[in-house]
Structure formats: structure tokens, C-alpha cells
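Worksheet for the structure shown next.
A, B, C, D, E and F are the chain letters, set down in written order, and residue numbers restart from 1 in every chain.
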Amino acid sequence: MFYHIKELQYQARPERPDPLLAKRLQEILAGKFGEMTVAIQYLLQGWNLRGDANSKYKDLLLDTGTEELAHVEIVSTLIARLLDNAPWQDQDAIAAQNPMVGAILAGMSPMHAIYSGLGALPSDAEGYPWNGRYVTATGNLLADFRDNLAKESGGRVEAARVYESTTDRGVRDTLAFLIARDTMHQNQWAAALSELEENEGFVAPGTFPQERERREFSYVFFNFSRGEQSAQGRWARGPSCDGKGVFQYVTNPQAMGEQQSLPPAPPYIHDTPP
Amino acid sequence: MFYHIKELQYQARPERPDPLLAKRLQEILAGKFGEMTVAIQYLLQGWNLRGDANSKYKDLLLDTGTEELAHVEIVSTLIARLLDNAPWQDQDAIAAQNPMVGAILAGMSPMHAIYSGLGALPSDAEGYPWNGRYVTATGNLLADFRDNLAKESGGRVEAARVYESTTDRGVRDTLAFLIARDTMHQNQWAAALSELEENEGFVAPGTFPQERERREFSYVFFNFSRGEQSAQGRWARGPSCDGKGVFQYVTNPQAMGEQQSLPPAPPYIHDTPP
Amino acid sequence: MFYHIKELQYQARPERPDPLLAKRLQEILAGKFGEMTVAIQYLLQGWNLRGDANSKYKDLLLDTGTEELAHVEIVSTLIARLLDNAPWQDQDAIAAQNPMVGAILAGMSPMHAIYSGLGALPSDAEGYPWNGRYVTATGNLLADFRDNLAKESGGRVEAARVYESTTDRGVRDTLAFLIARDTMHQNQWAAALSELEENEGFVAPGTFPQERERREFSYVFFNFSRGEQSAQGRWARGPSCDGKGVFQYVTNPQAMGEQQSLPPAPPYIHDTPP
Amino acid sequence: MFYHIKELQYQARPERPDPLLAKRLQEILAGKFGEMTVAIQYLLQGWNLRGDANSKYKDLLLDTGTEELAHVEIVSTLIARLLDNAPWQDQDAIAAQNPMVGAILAGMSPMHAIYSGLGALPSDAEGYPWNGRYVTATGNLLADFRDNLAKESGGRVEAARVYESTTDRGVRDTLAFLIARDTMHQNQWAAALSELEENEGFVAPGTFPQERERREFSYVFFNFSRGEQSAQGRWARGPSCDGKGVFQYVTNPQAMGEQQSLPPAPPYIHDTPP
Amino acid sequence: MFYHIKELQYQARPERPDPLLAKRLQEILAGKFGEMTVAIQYLLQGWNLRGDANSKYKDLLLDTGTEELAHVEIVSTLIARLLDNAPWQDQDAIAAQNPMVGAILAGMSPMHAIYSGLGALPSDAEGYPWNGRYVTATGNLLADFRDNLAKESGGRVEAARVYESTTDRGVRDTLAFLIARDTMHQNQWAAALSELEENEGFVAPGTFPQERERREFSYVFFNFSRGEQSAQGRWARGPSCDGKGVFQYVTNPQAMGEQQSLPPAPPYIHDTPP
Amino acid sequence: MFYHIKELQYQARPERPDPLLAKRLQEILAGKFGEMTVAIQYLLQGWNLRGDANSKYKDLLLDTGTEELAHVEIVSTLIARLLDNAPWQDQDAIAAQNPMVGAILAGMSPMHAIYSGLGALPSDAEGYPWNGRYVTATGNLLADFRDNLAKESGGRVEAARVYESTTDRGVRDTLAFLIARDTMHQNQWAAALSELEENEGFVAPGTFPQERERREFSYVFFNFSRGEQSAQGRWARGPSCDGKGVFQYVTNPQAMGEQQSLPPAPPYIHDTPP
């Protein structure tokens, strides 16, 4: 259960309205790596986590997911303020007087006026709605925390790019806070992963016995694109990261199966007759 | 540019048809962690990679993306064979005679008959079509390879679950191959990440100067969910994973911003009047 | 069954082409509150309505749904005419000569040229395709007509905003017609709702016996966000709108359930081990 | 900013596992009318609301949105518990022994095992992911609260149907709580609407001057589907609901526009030549 | 503008309820090749068609699109009737008594009860909502009519498969009507195409001058998959279908471009450093 | 199985960066008619094709699908190069100095910077992600090859429109190659169709016996839109294209079914009471 207070976790005060920056910030709010994704992802991972022995991870997830809800609030506020007084009325006349404003009107998200009335949207910078397939919550924390680390990495890359796109000191200040939190969260998931990997081994899921996999292919690199630059990396030779094998490099990979073919379909399916 | 040969990289020979297993395998083919995702993700990361100094990573990506195309072919073949002679004709009569077959007919994907004529679909196990937002290709390899590692981890978890759901030795054999390749790919992306982290530092992107972030929040854990189990982990104290800070644990996090409020909208927006 | 005539229900004659306005009008055509939504929503509610005693509602729905098809035709025509002679050829040269036209080209929907050849699209103002989940048709008219009223309210708000964004007298004239129809439709669904509420009671569905709900929570307001401004409204005290209870205001809502926790998963699921 | 406690707002204790009921409850969690929709909808309406004079509505929205987050937690827990020990291993053998279990396996969501490891998903009962276009937040409260009322009506209808589909007393108890809250929320939005309608008038948006619409069509019913049963309702005669007009019934509606036709496209568009 | 009559174009009378068949028929209603697609596709092609000289094609499209609306009505009715009295209440008890009914309950679309109350949905057989990207309306009739022919071909294949899946004489009768109309529509679009190809040439668009394409590649077949079975077809030798070239078969296709590589990104993009 | 070489099938060398053209080319890469669609469509049709007698068609499909993968690579490269050095940093300052650049920044896809770091995306020109429902693979080649012909027709129309929109000689050169290949592929699928139609007859699927359809409606044109211009075409009289019937024109089509009505729902569904 949640309680809300109306104070923001961190301030969100642009120096001036900027509808194009508002559009770019939609990616930070509700893009694949956005605040909505991590909020719902961490909460759902927490609520779905099984086994009381895992309660410290459950707490970790719910702590962080609850903070991300505060980030959703911050970025929503930032977007709404960047839309203050957007020059929507009689666009032709405005654009004729001022090509610069014309370009802004041409480039701003039309839904920011028509659909949300100068408010934030649960959509990314292209207007594509946030959707639940962004959320990773597999029940296996090794897999989940790697996805969390990836999301915070993608998220910090995106926030850095939006930061570069503006000189608005207020927006930069808020982004500097969010970017710092991404730094923490990258560190945090890596710390948690190091614990899990110590207990379960490196390969996820750690519970699937390696005897069951075709182990002769578990540490082999196949060179399917002509040119052998890929032979220069740590993945091509030496001990594997899980400490259980040795990387091999196969320069000319060969097919091991037969020609692909299928028997005819029964007549009631009306496929092409054989 | 690509060349194709009709031999499969690895055999795909179910012991017997099983339309319900075919439906489950759609997740392996075209779910978020499926073969289609990693094929397109690695190829696009490779084609988008900038700078000739990165050519070994480009080669690594194109090698692996090209292999994943072969996995798409393998899993498509597996699905089609599991659909051989699916008992589609006159479903009522069949189900009345045999409740077991009735359950299969009730549970199989209707699109496997109606839409694809007993063939594989670019959809997941719920019939939701594969889509391009699954693909991560940020141009920043630290972020991308972490996503690759997460995808291979989620993918191996899913393949293990499908493996458990059947005793078909043919399907298990093919899955054992794919799971072994997931093992390799988890190792491989981790190996590549260790190289990148050595060069660029742990936090992605390594090029955004930490002076620009609000560093007082870069290593702080906020306890937003009541209960302090989360204080027990490595993320709550000690040196941070990037070697640049020390984790702190804040038991009672406080708001730092003001109350959230927004100025009225101009009249031409027709928001609720203030 | 339908018959079509080629005359428009109302004229659709822009004064001049305007590709940016064409893009904004896509929201009116095929956004969530657009003409396509209400056309399909009303027709489907009508066709799905059960019971001959409800035939006057069925007729009401089919009358209005059929009119909305005419609105789809009107707005499609408006969009196509606003795209007449869109300056698509050699965009760089054009933009270099005239920054104003450059801004238009930069802001117009590229799909209006590339995909539809200067025609209307079944997409909203962000290019997101219309989809069937917009349609509400629950089989319960109390729920459905409230959604209809909401759709016509959102629709009229959007049409008003597009109206404000242009001075084109032709487009404003057509919008003035569509806005008038939204006025009628808001009135109409409210009129129908007052009939239904009289018969079935206010709470939808009226057929679910209130004894089955946990009635001690049926008229209670929980103050989950700090600050008690919400105590000032009619929802916080006095008789409830359904005439069956009295609103209560709980200033400090408490949890009534236990701590959330789940038992471990079976091993064949490969969740994180407990 | 939010604080979380681990106690549930209300208990969520099924009597026994039931994977098919878990699937049905996904609609309550993350369908169009589900808890995720109303949580995000109310919060976003609250954060986007402009003008300090509206702070009681902002508080109302944030109070209720925060409660809905607790409902997301409750329903997620319910789903996870209904999936306890789902019989996933070796499905063929199980189904051969027990057709009843076979039917369950055939009908349960495969993603509940493969993708989420026996956890809740941000998807509806068909596996379709929750998406941001479900959220209505127009900036105009008259439109928004009508949508809120519709969402709570559709939501209560759905919860009633899931209630009927099971005799599990634990699940029914939790649903009885959620249904009671839907009762409150229907009453609450209606109460708020009656305030707004008193201030702004009935037609949304109240700020668009009716002189601008084509008023001769503002209270007219057009009989577009043959048969005049629709003449029997309150929408066909008498004073309109907004108190500003009189309903008229037009038995044989006529076209008022000209034949639809468009001028040829320029050659660089490569449309069909005229 | 449209007029509606309540009589169906053709009868839709199942012999008995069958919720699984109702689910399969959703594909016919609102799948990619379904009635909704062709209705909206033909109407939009008609309304978007430019040039009065094309008015016979405009009429052709509006005639057929209007008929397809009647098919939407027919299939919606069929689905609703197949859902009459679906055994939804207390599913566990029912399934325990009768495994056959249990299988039906497990396999029927849960949204047919929960979301639509035993009505048709604008979704396909997997519950995926119909969406506007299904619609092809390019403004070029040669391209559009080919898509129409493909849609009617896919549609008739699907209808034939659903026909095979049931022995219900009522449903088969309705499908026999719809299949006959698909026969007509395949013939009709082919007839219209033969007119267009006579006027504009075979290759779409006929207006793009072939001098502008790299004509040395316009009639060449590249053998990219090992094995030369593809040399046996009419596409590998002899005159081309447009009468302007001669097919050639290239057994060993070679790359004509250079190695793919990209220059580094500017630092403000924060891509992987070169 | 596939092998990759790093040389492009054809060169992709823009004369100069152009982020707006990059956005338009996303339609060619990953729109409905784009290279991703045809690549995956042809490969999946090939892998799903049943019956060894069809191996020349399987080879044809895999040859062409493999070539389309090379086109995906070409267009991805083109897009990335058009994004070289996109002026992303400090957009306000740049736009203030140069309205022309301001318009470009306003119009470019924000995801090309924020999400992909100046790389190609699996999305269309509106940022809508490519999705699997674009792919047609019915198992019936008559239906499939007609869809292939339609895709190549729509694709060539789109490529022609993008060609017209730029004077960049490098981009035009690459498009001239792709357009030539579309010419070949239109010819090729038509050639293959003429073979199939000779064997199976014109109507797809050729295996559904026409006795089963309601043949009295198989060659009838219904004039549902007032006006008889549609009587002027080849579809209105004379022998049908399949050589099995004679087209008839029905000027005043009549309903053949009864009034649409449905019986009441059972009470546990909570529909509107009858």
C-alpha cells in the first residue's frame, strides 16, 4: 500500500517553456527505458518474488520501484511546465510572423495540445504509447536484475542525450538528479548481481543443470560473418566468464542439421497442394 | 549481404506432433526474448555501430546476429513440425469423442490453423505480434551489451521452462542446443562487457562527465518501502561497483522539491477553468 | 445492411491546403475519441445488444453509429483536401528558399505523402494506428452509455482545440457542425442514462446485488495523499449519489491485509531459488 | 512522492490455486478498465491539472490514484497466489492421466509460466499488454471525470463477471472489496461531476462558446437506421439535458453537402493518374 | 453518407451455441484479412481517390466497402449467437462435472464474457485488437487493387479453414455466402486490375519512368539460397511479365558495394567512443 | 543457415547528411511495405511451405528473402549515414541562429538521437515499431504470392515518393537500385502466380470446392453506393476472370436476412436487463 505526499522528491523548474523539449522528455517519462517502465518493472518484480528467504530482494525492489514512481511525477511535472502557454491559437498567423515559432509548432507533439491539454502523456517521444511488454519480471532475479541494469544503462544514455540538447538550467538540474540516480541504480543492480552470481553461478537460470544442455556448444564462437576481427576479443579464447569452460573460435561454421523440409498439410487446411 | 543454405544449423525433429507445445515455442521464436529479437537486435547494433576502431565489435555482432537468424529457422521448423496434421476438421465431433483432443483443440492457437495454415508465426505464445520496440540498439555498446546479456538470460530462462514442459526427446534435443548457445552468448556478452568496462568505466555512458550529475545522490540508497531488509545487501554499504563512491543507506528519505502545482492553461486550450 | 450516397452529410471545404492542419485532424478522425471510434463503438454496442425489450436502445445506437460513419467520411475528405498539392518534391530546395515551407515539410506527417499519397489515414495525430481496444461495448448499457458520454466529451474538447488552432473558415465551419453534433450526442447519452439509472439504479451493473460487496467500504473516501483539500468536495460528506449511503472521509487510511509474501515456486519453473 | 508499506490494503487469499482464474484476473489488473489504468489515469490527471484553484480536485485525484496503486498490488498478489504450484512439468503425461488438468494446462496463459515464472503480468486476459492509450487525461475535468465514471462502471461490470465465474471464497472476498470501492468511485466521480456541471454547464468543454457551433444541429436526432423505435426515448423530444435546447427528431435525414470528390494529385506523388 | 436497415444482407443462424467457434470467427471479423479490414480499406481508398476521371473506381470502391460493412454486421451477429448462454457461472463446478465443458471454458476467449458480455469484439482470434495499419490505401489503384486481391484471397483461405472446423449447418451456410462473395471480389479486383494494367502498364506505379531505375537489375533473379531449384520457374527465363525485359538467372550473386562502415558520432551523442 | 559478408549488395552513399530524409527512409526500412516486412515474409513463407513437390517455390522464397535481408542492411546504412553529425547539441541556440536548422531539428525523429544514437530503427516514418502482423504467410501460395505482389507494388510506390522528395544523388542512386529490384520482384511474383493459377485455378484457395459456396452470389456485383458509374467496368458484365461465371450487376441490392436481434444474456453475465 502507498502513501503520497505532494512535495516532489526533487525540483522540476524549467527556466522557460519549450514544447520541443517537452516532446523529447516524453522518452524519459514513458519510453522503453523511461521512468514508467522501471517503476512498474521493479514493483512487479517485487510483488512476484517468491520465497521469504528473498525478502531483502523484495524490499530492495519495492524501495526502488517506489522511488521511480516519484521520478514519474517529477518528469510529468517537467513536461507540463515546458508546455506552459504553448502558442497553439491560430497557428498559421503565428508561423507567418515568426518562422522560428512556426518550426516549433510544426515540430511539437500535436497530442500535447489536442489530447492532453498541455499535460504529460504516457507515450514516448514519437507518441507511441507505453506498453506492458517493456516490463521484464521473469521470477528469476539473475535475469531480472540484468534487465534492470540494462534499463538503467539505456536510461542514463538517453537522459545524457536530452541533457545535451538543451541549455535550460532548470531542466539540466533535474536531469542531473535523475542521472545521478541512474548511476546509483546501475551500481545497485550490479552489487545485487554479484551476490546472486556468487550463490547461483553466472549463467541464468542457475538451476537448469548444465548436463542437460548440449555442452559441446556452450563455449564455442561461430564466425558467421566473413572476416575474423571477432577473433580479437576475450570471448574468442581463454577461460569462459562462468569459470566452467574455455572459449573456442570456429572460423568456418558448418550446418549440423539436414535440409529443411516439411510434409504436406491435410486437405482441410487448404495449403498449397503438394 | 547474406547467403543461405538449406541445411539447418542444428536438427529440429520432434518425436510427435503437439500443437500446444507449438504454441509455447512461439515465445521462443518471437517473444520479447525470442530468436527474432536477438537476430534483429545484434544485426542492427552491428550496422549502426560507428567508428572503424570498433570493427571487432561490429564483427562480433554480425557473427552472432547471423547465427540467430539460423535459430529463427530452427525454431520455425520445430513449430511447423509440431503442427503436422493438427486435428482441425470438424472440431466438435472430435472433441465429443475424445476430451483430451478436445482440450488440445481448445488450447491450440487458432491462428496456427486459420492464419498460417500449420506454420510458424511472428508472434509470441499469446499471439501478440513481435514488434520493433523489443530491439535495443542505442549506439552505446556498454548499454547494448548489457541488454544483450539480459536478453540471453531471459531467453535461457524461458527455454528451460519450455524444456520442462515436455518429454518429447526431439524437442528437448533442439532446446538443449539452443540453451547451450544461450550459455555461450551470456558468457560472450559478459566477456565483451568486461573489456568495455575496463576502457570506459562501469557507468554507462562512460562519456558523460560525472561532474555534471548531482553527485551527492550517486551512491545513496533510499528506503522508500517500510522495513529495512534492504539494508542487508552489498548495495547498502561499502564501496560502489564503479569504484568511485561509497554506498549510503537513507532510512527515512525526504522530499527535496516543493509541492507540485502548475499555472493555468491559456483559454484557447479549453482545460478546466482555474 | 447499409446504403451509401455520395453526398456528404455536411460540407468539408477548406479555404486552402494546410498539411499541418491535416495532421492535427487525424486525431479527430482516428484518435481515441475520434469519429472511427464512435462509429464502430455505437454499431458494435447496437449489434451486441441483447433482448428485444431493448430495441429502442438498439435503434438509438444504430442511428447514431450510422451517422458517425458519415462523420468519418467528412473528416477524411477534409484531410485529403488539406493535403491538395502538398509541396513534396525536392524538399531541400524548397526549404532552402522558404523556411516557412521548410517548417511545414518538417512537421507534416511523412506518411501523408509516402504511405497514403495525400489521403487520410486510419491513424491519430502521432501516426499511431486506430485500434480496436478503443471500443467499449460491454453488453451493459449503463457502462456503455457512460463511456459514450465520455467519448463525446473528450471528442468535443479535442475538436474545440483544433478549431482554435486555425483560422481557415472552411475547416472551422465543418468543425462547428461536428461540435454541434457532439453537443447533441452528449445530451443524448445523458438523456438515455437518466432513463437507465431510473430503472436500474445508479451503480453499474445494477444487477449485482450490493449484499455481495463489502458494503462497509462502499461510501468511504480514503485520503491517501497528504493534505485534506479533498475533504472539501461533495464526495466527502452527505448522501451518496446512488441514494443508498452516506459519504465518509477517512483521514488516515490503514492497511487491512497482511504483509505481501508468496511461497516458493516449484523447481521446474526455475525462479530464483528461495 | 510516495511511501510504500508491505501490508496490503485488503487481503488477497485464494482458497486454492486456479491458473484459469489467474488468467481471467489479468483483465482486472491490466485490461482497459483494470487497476493499472485507473491508477495511472488518476495520477496523471492529478499531476497535469492546472490552476491552484483546482487543488481540491488535484488532491481528490492523487488520493484515489494512490489507492488504485494498492489495488494493483492486491490483484497482482491474487494472481500470483492462484498460480502457486501450477502443474507445468511434463504436460503431456499430466494431461494423459487427467483430462481436467489437461484442459487447465491447455487454457492457462503460457506466459504465466514461460515469461513471468508464475507471477502477474501487465497484460489483459488475452495476453495483450497494457498500453498508455487507455489513459484519459485531457486537462478538462468534465471530460476526464466522465471517463473516470465510465472506467469504474466498466471495471465493476468486469469484476462482477469474474466474481460469478468462481466459487473460491477467498477470491470472492477480495473482489467484494474491490467492487465496493468501485461503488464508491462511481459515486465519487458523479458527485464531483455534479459540482463541475453546476459551475461550467453540462456540455464539455464548458468554455467553448456555443455561438461558434452550428446550433441548428445541437439538439437534433437523426434517424439513420430504418425503424423509429428510437423516437420513444427522452433524447427524441422535450428539453435537452443541458437546459439550453429542445430535442427534435428527424425521421428522414438528408445530406447537406455536395458529392465527395477530390482534385488530382501532383505527378511527383505517383497516385493513380486521373 | 449512409443509411442502415436492420435486416441482415444474409442470414446468420447457428444451429447451436459454440464459444470456441465464436473465438475462431473473430479472425473472420477483425483479423488482418477480416471484414473490418476490407470495409475500412475499400471506403478509405474510395474517399481518398483523386481525379474525377476515376469516378467509376470510386463508385466501385464505395459499393464494395458498403457491402463489407454488412458483412461486419453478419459476422458480429454470428459470433454473438454462438455465445448465447455461454456456461460462465462457477466454472470449477461445471468443469469438474464435465471435462468437455471444462475444455470449452478453458479455451474460450475470456474477454467474450468479461469484456464484451457475450458480444463480438473488434479483435482477432488471439484477442489482438484490429488496427489501422492493416489498411492499405496508397492513392495508387494498381497497388491498392493488388492488395485488395490479396486480402480477399487470404480472407477466403481463412473462411474455408473455419468452415472445415465445424459441422454447424447454420454457420456453414453463412460462411458459404461470405466465401461466394470472396470469389466475386477476387474476380472483381482482377477485372479492375486488367483494366488498369492495360492503361498504366504492369509495374506499379506506372508513372515512375523506368529510365530512373537501375535497369540492369530490373529483370535479374539472384540465387541467394544454395541450390538451383528456383531456376525451374517462369521467373528465371523468358520474357518478363511487363513485356519490357527478359528474365536472367544469376547463380552466384556478388556484392556490388563496399564494406559497411560508419564514421564516429559527435561526442554529444554519447555513443561508444571510437 | 546463413553466412554474412560485410560488403553491401549495392552502395549506400548519400551526398550529405539529412535527418529529415533519414526519417522518411524509415518507412522504406520498416514500414508495412518495407524491407523488413518482405525479408521476414518471404523467409517465413519459405520455411512454412509444405510438400517436397513445392521445393522450387521454397527455393524461390528463400533466395528472395535472403536478398531482402541485404536490402535491410543497405537501407539501415543509408539512414545511419544521413544522420552523420546531426546537430543535436543545444538545439535552442542553433535554432535561434538558423531557422532552417531549427525546422530540421523540430522535424527530425527525436528517437534517432535519444534512442538509437544516430542509427536506424525498426520503426516506420512515424516512429511506429515494425510488427509481425505485417507478415503474410498463410501456407497457401496463391494467397501469399498475391500479397507479395501487393507488398512490392506498395513498396515501389513508396520508394518512388521518397525518390521525388530529394535531389541527393547518392540516395537517389541507391533508391534506383531498390526500385529496379521491386520491378523484378513484381514481375517475379506475377510469373509465379501465372504458374499457380494455371494449376489450381484463379480463385484462392483452389482446393475449396465451389459447390460448397453459395454460387448464386459468386459473380454478382451489388450497387450499394447510389450512382451507377460502377456499371462501366469489366467487373460488371461479361465472363468472370476465373472463366467459370458471368458477371451480373444488381442495381438495387436487397437484404436477404431477417432483422438482427439477440436473445437475452443469462443473469450471471450482468448485461443490461431485457
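A few notes on this one:
Note that in this section a residue touches a chain if its C-beta (ideal position, glycine included) is under 8 Å from a C-beta of that chain, and two chains touch if they have at least 3 such contacts.
It should be emphasised that the depicted structure is a prediction, and the values quoted were computed from it without experimental measurement.
Following the contact convention of this document, A, C, D, F is the list of chains adjacent to both chain B and chain E. For the pair chain C and chain E, chains touching both partners: A, B, D, F.
Chain centres computed from CA atoms place B at the largest separation from chain C.
Of all chains, D has its CA centroid at the greatest distance from the CA centroid of chain F. Chain B and chain F, compared by their mean Cα positions, are separated by 27 Å. Taking each chain's centre as the mean of its C-alpha atoms, chain E lies 11 Å from chain F. Separating the centre of chain A from that of chain E, both taken as means of CA atoms, is a distance of 33 Å.
Within chain E, residues 1-9, 32, 47-48, 50, 55, 57-59, 62-63, 66, 70, 73, 77, 80, 88-89, 99, 102-103, 106-107, 113, 115, 117-118, 123, 126-129, 131, 133, 138-140, 142, 157-158, 160-161, 164, 205, 207-208, 224-225, 227, 255, 260, 262-263, 265, 268-271 each touch two or more of the remaining chains.
Chain contacts here are complete: no pair of chains fails to touch. Across the interface of their complex, chain F is touched by residues 18, 20-21, 23-24, 27, 31-32, 99-100, 102-104, 106-108, 124-128, 157-158, 161-162, 164-168, 224-227, 255, 260-265, 267, 269-274 of chain A. Those residues of chain B that touch chain F in the shared complex are 1-9, 30, 36, 40, 43-44, 47-48, 50, 59, 62-63, 65-66, 69-70, 72-73, 76-77, 80, 115-123, 129-133, 135, 137-140.
Residues 1-6, 47-55, 57-58, 88-93, 95-96, 99, 102-103, 105-107, 109-111, 113-115, 117, 123, 126-129, 138-142, 196, 200, 205-208 of chain B touch chain E in their complex.
Of all residues in chain B, only 5-12, 32, 55-60, 62-64, 66-67, 70, 73-74, 77, 80-81, 84-86, 88-89, 113, 117-118, 128, 131, 133-134, 136, 138, 140, 142-143, 146-147, 149-150, 153-154, 156-158, 160, 163, 172-173, 176-177, 179-181, 183-184, 186-188, 190-192, 194-195, 202-205, 207-208, 210, 212-225, 227-230, 232-235, 240-242, 245, 247, 253, 255-260, 262-263, 265-266, 268-271 touch chain A in the complex they form. Residues of chain E that touch chain A in their complex: 157, 160-161, 164, 268-270.
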